[in-house]
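Right, one structure below, let's go through it.
Chain lettering (A, B, C and D) follows the sequence in which the chains are written, and residue indices restart at 1 in each chain.
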Amino acid sequence: MIITLKSDTTQKGIDQVVQKIKELGFTPHISKGAERTIIGVIGENAIRYRNVFEAMFIVESIVPISKPYKLVSREFKKENTKVKIGKVEIGGKAIVVMAGPCAVESRDLLLEVAQQVKEAGAKILRGGAFKPRTSPYSFQGLGKEGLKLLAEVSRITDLPVVTEVMDPRQVEMVSEYVHIIQIGARNMQNFDLLREVGRGSRPVLLKRGIASTIKEFLMSAEYVLSGGNYDLILCERGIRTFEDATRFTLDLSAVPLIKKLSHLPVVVDPSHGTGMRDLVAPMSRAAIAAGSDGLIVEVHPRPEEALSDGLQSVIPQDFHRFMKEIKSIARVLGRGS
Amino acid sequence: MIITLKSDTTQKGIDQVVQKIKELGFTPHISKGAERTIIGVIGENAIRYRNVFEAMFIVESIVPISKPYKLVSREFKKENTKVKIGKVEIGGKAIVVMAGPCAVESRDLLLEVAQQVKEAGAKILRGGAFKPRTSPYSFQGLGKEGLKLLAEVSRITDLPVVTEVMDPRQVEMVSEYVHIIQIGARNMQNFDLLREVGRGSRPVLLKRGIASTIKEFLMSAEYVLSGGNYDLILCERGIRTFEDATRFTLDLSAVPLIKKLSHLPVVVDPSHGTGMRDLVAPMSRAAIAAGSDGLIVEVHPRPEEALSDGLQSVIPQDFHRFMKEIKSIARVLGRGS
Amino acid sequence: MIITLKSDTTQKGIDQVVQKIKELGFTPHISKGAERTIIGVIGENAIRYRNVFEAMFIVESIVPISKPYKLVSREFKKENTKVKIGKVEIGGKAIVVMAGPCAVESRDLLLEVAQQVKEAGAKILRGGAFKPRTSPYSFQGLGKEGLKLLAEVSRITDLPVVTEVMDPRQVEMVSEYVHIIQIGARNMQNFDLLREVGRGSRPVLLKRGIASTIKEFLMSAEYVLSGGNYDLILCERGIRTFEDATRFTLDLSAVPLIKKLSHLPVVVDPSHGTGMRDLVAPMSRAAIAAGSDGLIVEVHPRPEEALSDGLQSVIPQDFHRFMKEIKSIARVLGRGS
Amino acid sequence: MIITLKSDTTQKGIDQVVQKIKELGFTPHISKGAERTIIGVIGENAIRYRNVFEAMFIVESIVPISKPYKLVSREFKKENTKVKIGKVEIGGKAIVVMAGPCAVESRDLLLEVAQQVKEAGAKILRGGAFKPRTSPYSFQGLGKEGLKLLAEVSRITDLPVVTEVMDPRQVEMVSEYVHIIQIGARNMQNFDLLREVGRGSRPVLLKRGIASTIKEFLMSAEYVLSGGNYDLILCERGIRTFEDATRFTLDLSAVPLIKKLSHLPVVVDPSHGTGMRDLVAPMSRAAIAAGSDGLIVEVHPRPEEALSDGLQSVIPQDFHRFMKEIKSIARVLGRGS
């Protein structure tokens, strides 16, 4: 249930509504806009108490929400959410590209790639310290050592950093080293992890699960927002289908569809979404053309030596080239970069 | 097996090779380029006779083809195939948009839409006379009457026409009225129908089956080419996945991937591929950005009255608007429209 | 809309209702039961004329049908349909096994297999004369020659024969040689072919398309019944999913679910459904345990020499063995074999 | 790489091989059979040191393993693994049925269901204390309170208990209350959780992820075994496909296929696998007929009041009935219950 208050409601009025919501056993979520204040009432069957609030003279309207997600919905918040990381803003006018190696392998390599992607126009550095690997015998990432390297290279290059967390016990520690916490596709429904980052203060990049519907994706986002963390970026990264010519099927329709349903920013990962280096450039262009707020791309100077996902990493020269095309397409849509 | 002949081979030399291929029980497919002639040898295990041809002094090289498709492959033909329909060329520098109502419903409506889409920049008129419907009780199309209307409106507007054929017994008749024969997704593996249009003289628009891999899609194209008809346009129109927020999952990765594997032109159908009007414009932009040679779009002035697929038809005004964006994106990629 | 007539209605009364239905532009489908007569009224929005029929004193009740299929539904006909082919009855108490080679390859092989599967308890011989092949260069079946061999071996062994038809132009010819017409998975939505066998007199075995929902499957069955042919057997044969360890994913839940929704008999094809010889026996047992009315199994004495689908054919000795297990499981469920 | 030692090898000989493996930086996994000892050498590219071990006279044979999983494979261990929980043995001759409510809701209800399923022949009690819910606003389980109820009802009824864990921080605590730790489908690739239960001492029931191939499923099992915990039971519970008539598509082919590839026991969850009460009985019969070692079934006396998954719970009377059919089918396959 969403309560819209009249435009001249005072703070005291807001407090009264909030207190009533709490008394009834529900959780209030307050969103103050330029003109008026909207309060989401979270809890099952809250709509049964509709008349309690309708009776309050400061209430303008009440909208029951049948969608299973609330805080993430466009009904709850009409304007696009802009997630700010230092000087970078995701979800605003400019498209934002995050780039870097799949896994952090060494300081030199990380620094080399970071400088190259920065020069090409990337605004955020990506790199994995903890790697989710299908096999227990594959390289699992450098762990804390990798986090330290990310933090160091971030300082040198002045690029904010995004990295993946898999274990709720590591959220706090990782948050000390990086600027954006990534939840990977395999953990999209790891609800304890979602609650943990929901309680945290770092912006979250949530990847869509490979078998998740868009509705389930938004429900997982709801876990984070309902924990109090509103700085969430959604990421389409391909779904699992019968087609085996590509590693996954990148579902670009998800971009304009999520934009309709939710106020949250959406970015696309063409590297994991296709699993093929040659498709990264065309699908990056397509993602931006479909309305994506940005990209997250794997770049590696020597893909054949990469410890993880070499097949889908592009080399810096190619990255440089398609960044130009992307900027031109962004301009066609009235967006900078 | 593909035989490349030396650049100075005479017609007599070509004839000798062709005769040898036939003697051995195989089928020759000759492709004369500007510089040299290439001959595909079709038939199982043709490669066993490699040495027979290697011994001929006019043969430059022999390439065994392990891919199950041959005539449609880039190995067989390096240059892009351009399918010509009157003054229109699909697969060339310019992108080509086909547009029109899902089903032909009446002369007036068809003419109205045809004039509107032409004005917006569409080069080909689409419209169904025979409609494949899941239910035997749904509107099945106007049949021959619809074909006549298509032909008439084509004459008035000077737009070539594409329409679907479902029954091999109707290929000849339909070919008299329209310029491009469409094979729908449900019939992508209707092999008797593929053979029938392969023997025909009309260009063919082959839609990908909803559960077809790209490899199977190209194999079905191979049926048409191996019948002697090389004027084939491939069309990505969405595959069936678990995601039910959209009608199908439009697999845009298929566009750059097919471009790598095959010389045939590729277009995209964002209307059936998403099943949602609001997604047609963004996915059309994305398709062009991914490298598609064109689009096939459903346009209807009053979608709520459409006898078929109203939900996914865009209105002429919106079509006009996104045609402009598409042209701008095409220019970014160095293509006209 | 389904009209149930009072139990003492005369033929004259039935004729009156039928005539009224026709006058209104709908198609009547009459089903005379032991006790009372039911008339299906086919056509869009027939329910609008409900009051016309309610006013007739011989009408007991009228049920609007919201399901998109009508004639195939349990609402339309409560009792199981039993399809009779000579002495064999599919859909009755006994389970029925159809077996034979994938493709008809030679008279001797066909006769050898037919005698072996008959001895093991199979009641119907299967074998393909026209083979739908992904590649235009693969063995396409013996065609009419294969039909003649099937007819001859049928006479010798006294086993009825089921074979696939792909082209509507061949339905009549094939019907002269065999007892059951099979529509393959690729043609489940080849509506012209469905209409053709719907007009025919031979029982039809309709296979589920690899990307077809159960609802679509029943809609295709509706095409056949609405053409006047009520002798239809449905066949689950695996759907396409992301799992690639098996050729398809055999959806056995479809068996009890279809039994709930429809009165038509259901059989299972464990050979195509798994694509692996070792899985044919366990999945055959599972199919019968799930309530299937029968099986259609590929048997070949020398699978490694088979011209088609050798990997999934079982050898006669193994077939003999699992037929015994199947009979025991059938008995547990109160069914013979 | 798997090293098989000669049958008369002493403990000292075994120790020498083990030490050598460790020296080379690999991890040894020792499996002592009745006749001979087998040692798995875990680590990437261990096979490069093949000659080191071939030179040892106590080594009988060395088998390189190309499959990405090792400890779970049939090559590593030929005999079926039998997981013992008190007097119950899963993977042995008898089939084992686990049953109970989806979520633990109250002591009385849990005790009522436990006594009913025990009477019907169930050997293990299931019930969720921590529930993974798509929505943050749905009932999330009783938590620790639920664990205490499970432990109490287990003591009263003498039924061992299985329950789900989602958070690695709770593995130790949950292990104090229950006999089998369940890893749910959503956490099949929660690698930190897998490692945690791999280090634990409780048998593990690992459910297949809804988008996981069988290969990935076995890889996740490998995480647990490589942690030292060999008591693992695999559970097929349905995969996500395009079919929406059932909640998931129960992939029964997985049962005989996993039995071929692995020595681990396999059970089936027909409740989540179909999501429909009416399909639980037929799919339970089918699972046993396909070779499953057991079932895990949701039973609730008043499904309409269940706080979770009421639609798919069967009532005790129906459970009683189909347990009889299951026992009969098990006997056909030479198995008790």
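Quick note on the criterion: a contact is a pair of C-beta atoms (placed from the backbone, for glycine too) under 8 Å apart; a residue touches a chain by one contact, two chains touch by 3 or more.
Predicted, not measured: the structure shown is a model, and the values here were computed from it.
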Task: Classification of the chain A:chain D interface as same or different, half of numbers criterion - done: same
Open item on the list: Please identify the chain with the largest separation between its CA centroid and the CA centroid of chain A.
Closed with: C
Task: Computed distance of Cα centres, chain D from chain B, in Å - done: 49
Task: Whole-Å gap separating chain C and chain D, where each centre is the average of the chain's CA atoms - done: 38
Task: Interface hub residues of chain B, defined as touching at least two other chains - done: 211, 240-242, 244
Open item on the list: For the complex, give me every residue of chain C touching chain A.
Closed with: 240-242, 244
Task: chain B residues within the chain A interface of the complex - done: 211, 213-215, 239, 241-246, 249-257, 260, 273-274, 276, 278-279, 282-283, 285-291, 325, 328-329, 332-333
Open item on the list: Which residues of chain C touch chain B once you look at their complex with the stated criterion?
Closed with: 42-44, 68-69, 132-138, 166-169, 186-187, 189-192, 195, 209-211, 216, 219-220, 222-223, 226, 240
